[in-house]
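Okay, handing you the structure first.
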Amino acid sequence: MKVNGKIEDNYENYTEKSKEDIDLTVELGPLTLRNPIITCSGTYGFGDEYAPYCPVEKLGGITLKGLTPEQRLGNPLPRLAETPAGMLNSVGLENPGLEDFLQSYLPKVRELPTTVIANISGFSLRDYEIMANAFQAGSGIDAIEVNISCPNVKHGGMHFGTHPDSAQEVIALVKAKTNLPVIAKLSPNVTDIVQMAKAVEQGGADIISMINTLLGMSIDIERRQPILANKVGGLSGPAIRPVAVRMVWQVAQAVNIPIIGMGGILTWQDAAEFMLAGARAVSIGTGNFVNPLAPLEVLEGIEEYCRRHGFAAVSDIVGLAH
Amino acid sequence: MLGKAHIIAHDFVGDPLYKIRRLILRTEVAREAQPGQFVHVQVAKGMDPLLRRPISIADIQREAQEITLLYRIKGKGTEILSEAKVGEELSLMGPLGHGFTLPARGELILVAGGIGVFPLLPLAKAAQEKNLDVSLYWGGENKGFFTSSGLDLWQEARIPVFLSSMDGSIGEKGNVLDLLKKQVGSRLNHGEGATQAAQSEVLSVAVCGPQVMTQVVSDYFLQKGAAVEVSLEERMGCAVGACLGCVCTLKDKVSGRIYRGKVCKDGPVFKGEEVLWDYEG
Amino acid sequence: MKVNGKIEDNYENYTEKSKEDIDLTVELGPLTLRNPIITCSGTYGFGDEYAPYCPVEKLGGITLKGLTPEQRLGNPLPRLAETPAGMLNSVGLENPGLEDFLQSYLPKVRELPTTVIANISGFSLRDYEIMANAFQAGSGIDAIEVNISCPNVKHGGMHFGTHPDSAQEVIALVKAKTNLPVIAKLSPNVTDIVQMAKAVEQGGADIISMINTLLGMSIDIERRQPILANKVGGLSGPAIRPVAVRMVWQVAQAVNIPIIGMGGILTWQDAAEFMLAGARAVSIGTGNFVNPLAPLEVLEGIEEYCRRHGFAAVSDIVGLAH
Amino acid sequence: MLGKAHIIAHDFVGDPLYKIRRLILRTEVAREAQPGQFVHVQVAKGMDPLLRRPISIADIQREAQEITLLYRIKGKGTEILSEAKVGEELSLMGPLGHGFTLPARGELILVAGGIGVFPLLPLAKAAQEKNLDVSLYWGGENKGFFTSSGLDLWQEARIPVFLSSMDGSIGEKGNVLDLLKKQVGSRLNHGEGATQAAQSEVLSVAVCGPQVMTQVVSDYFLQKGAAVEVSLEERMGCAVGACLGCVCTLKDKVSGRIYRGKVCKDGPVFKGEEVLWDYEG
């Protein structure tokens, strides 16, 4: 028995199994994925780091590390702290900046045999505009995920992500500047997630992804300082899953656009919770660190679940727990 | 490689007081492992703790398909790891990272602080096979620490070892830099201005230990014109370069550009001259 | 080595140890506790349930189950779901009601050899007023904790706890109606915890306690329904500790009243994090379910920590990580 | 009691297919334990899983200071528990709850559905010691289930056992209510209106099993005027009555008042006549 999905094999074991006849395709508004399993921004680099461990071509999609117009060195170290069933990170949006990304990374990214979602962040509307302009159909990127929720940067995403008006504004702007599908990524650090979801739907988002990390802190009691150099960081991993599932459930009832669910997925059972709560696709972040084969195992498990319960398509299980 | 490793042996290296354990694993990792690389080990079956733990490869037996890990029980993760039993399996990723450069010729000085010695043995053995002149300078707490941290492995391998202990119970009393100054300093080019190129062809240095020690030793040998490599440590998430949790700060010697290096992927071994030790931010 | 504080003995082992000279007393504004270890409302019944396992007289205080003017049967079952390093509950404020409490429970409560905090909830200002009136100095209750944050009751505490104005109003009301110290208990389900803390300080709260549970959900994937009959519930336990510590840290910087920190404390190390973050006392909830001796072990550990680091009083470590 | 219990034996009761394990513990709990009570067991050292698991006391050896638990591997917690080894210790709270009433005289019929049989054996043994006329009616899946769930313990104790299996591979084919109607029904007062008092003095019934089965059996015997006790199950947090996580709904027969009972403290055993099975809210 797999007690917790941490048992894995080399992925060769997976490739042979016949997929029988479950329809794995998911339609996220204008974006079609070959299957509902994505990997989360910031946990999957630029898509090839995990390739020796998990075959990219099996994934429904990957989301790139968050990008900003200018290069960022990110926050000082330490940037990670382990917490009960979770972890804190304060990477602080380290990234090569738009120009270097386009030159040095995009050529490889464009060859990735899966759907590629760029994740964009900014510190002003202008930043988002620059980023949105850069990614258009045919650019090698298939969709834009707008991170309005990064909790790490003091004057950054937090503002956009916790006020419905500015969230709507930034999404409308991005939507106006790109012809790619636009995914609005929501922060859970709000009183009313439904209000935020409605705002980004209003702003024209094609898809909602949720949740980003919860703001947290961990203290080194011997040094008597926060463990993270940045003091606070984003909490991810299984610990936050109940919060994420609750929010997906609430938002699924309130909006008409599809949801990508994430937050603490390690096993297919976890992913099934999100789909039953109303997520049309799921994304795996911290779970990759624990088990690089998690995305494949989740896919296999969901497929088998559909088979066992007589669902012909994965999309048939979306929202069934309502 | 991601897969299961079989536990062949698992015991205390010496006095359990020092909490240093030896873990011999049968794993494919042995096939490709290079000195200075590490593995990312899942210590528990459940989510407590959640993350894997990075541990250096301390010995490689290619034919037997075995690697040795030496680790100190530090916190919860290594405590749980210490309970793994011979015959059981552990999930392992590896070999990971960018290891040490084996010099083409000349002398190789290894410098270790405390348990920083663990990744150096495979390098020493590789150097030996290549007939390089290799020796270890190793600083530690006291005699018990050394004998409980694999000193005999070095002796078995017939690598010259020079020790310094804080309490003087073995080797020179004091820290490893003092030992180095005394034992090696006289042999080195006294002119601080000696051309780097000339020196580095003959003297290579590999350092691993606590950050402050690594830094001062690196600076010392850089000043003497040696080619210095340092092995760094950071908290890790993915260990494959995907999360940016583990970066260090580097400065390109040519362009002067400041950038981040991923300890897990670009390192853990970096050129001493490129590391910006005290970069704030 | 205690890997996680789950190793316990019978409490007899504790009673003999000399306390040397660490001053354990903590002053929470008008409320003085003999030591900083309290137990959380809703996890410690009416104070005697755990008595066979943990000696009440060793505790700094206990907080009673939330009370309302009328009896409440609470939510339907199941009410509990285990989650990674945490649990969800949807007890729904089951309680005997004020009258029955005063008659049938208070006589025993008043004999408890520790500081007793009543936790009051309500669905209207009037409810809070009734509750506040009932508890005055000499009534056998030493302080009132005002739960403005219970996430379980649809038209209940949530409203007061997520709007600064109503939070201030309800605290001011309670403060006006009782001469006992008033503790405002904050909900973490808000965008801006500092704003809430300032509001209750403004309302006259003597003390802030934080955090209540995070709203969460867990789904039974075989039954394809939420596990909890109430669908959503409150997430507690170690999983939420990083969020709780972060909030205590933020609030400690922003208000001048003392803080009781809670959320996921199992071990003394956990408690130390809260105190270093700025909590003057700590409270243990879910931790009791795991280890009924947790309160004592926490106390012992904090004391020993002070000794080892040369602090003469536990209150000396409050806020040191700032 | 809160403390450590030593594992004396831990094995499958029968065919591992049925996943029923027997755990014999040396613990002070044996001193006070009463039939129908349970213990709250910490299955893992860490936080995965976090909560303890309630398990009934299935046998009590007071002199040896031992209790037996019988449990089915169901999910993560019992899976982890199943890995505990003889010689290790488990943290235990108990004995907990309010058990069965041992009737003063007359006949005691025990009715079990599936693994609901586990808490009934201590009651049977106590009844036997008191020379009550005790018998077990037990419904289950198939023959393999019974032999893997401790049927021989009942046979050893010489308690009359009547079985019903869903597939007819042992005992009567069908469910336990059918079995009861057939075997016991004829003996019972046919007049549904018989005064309860008269009947209950002679016939007591203790029921434990899945809720639906428990309910129909309870209702059946209540109608026949017997004194019925049922053992309930709910998810538990504290197991001492402090969290209100585990309540059931009861109705006071005299006052008609509806109230909550704590399965962990007021129960798990309640009077059948007081339980409101389908109370919504």
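As written, the chains take the letters A, B, C and D, and residue 1 is the first residue of each chain.
By our rule, a residue touches a chain if its C-beta (ideal position, glycine included) is under 8 Å from a C-beta of that chain, and two chains touch if they have at least 3 such contacts.
As the structure is a prediction and not an experimental result, all values here were calculated from the model.
Fewest steps needed to get from chain B to chain D, stepping only to touching chains, is 1. The chain with its Cα centre farthest from the Cα centre of chain A is D. The interface with the greater number of C-beta contacts, when A-B is set against B-C, is A-B. In whole angstrom, the spacing between the mean C-alpha positions of chain A and chain B is 35.
Rounded to a whole number, the gap between the C-alpha centres of chain A and chain D is 47 angstrom. Of all residues in chain D, those that touch two or more other chains are 46-49, 76, 80.
Counting partner chains per residue, chain C has residues 3-4, 81, 84-86, 237-238 touching two or more of them. The touch graph of these protein chains is complete, with an edge between every pair of chains.
Partner chain D is touched in their complex by these residues of chain A: 1, 3-4, 84-85.
Looking at the complex, you find that chain C touches chain A at residues 81, 83-86, 88, 162, 189-192, 214-219, 221, 224-226, 231-232, 235, 237-243, 245-246, 249, 264, 269, 272-273, 276-277, 305, 317, 320-321. Within the complex formed with chain C, the chain B residues making contact are 47-48, 76, 79-80. Residues 3-4, 6-11, 42-45, 49-50, 52-53, 65, 73-82, 84-87, 89, 91, 94, 237-238, 266, 286, 288-293 of chain C touch chain D in their complex.
Those residues of chain B that touch chain A in the shared complex are 1-4, 42, 45-52, 91, 93, 234-249, 258-260, 265, 279-281.
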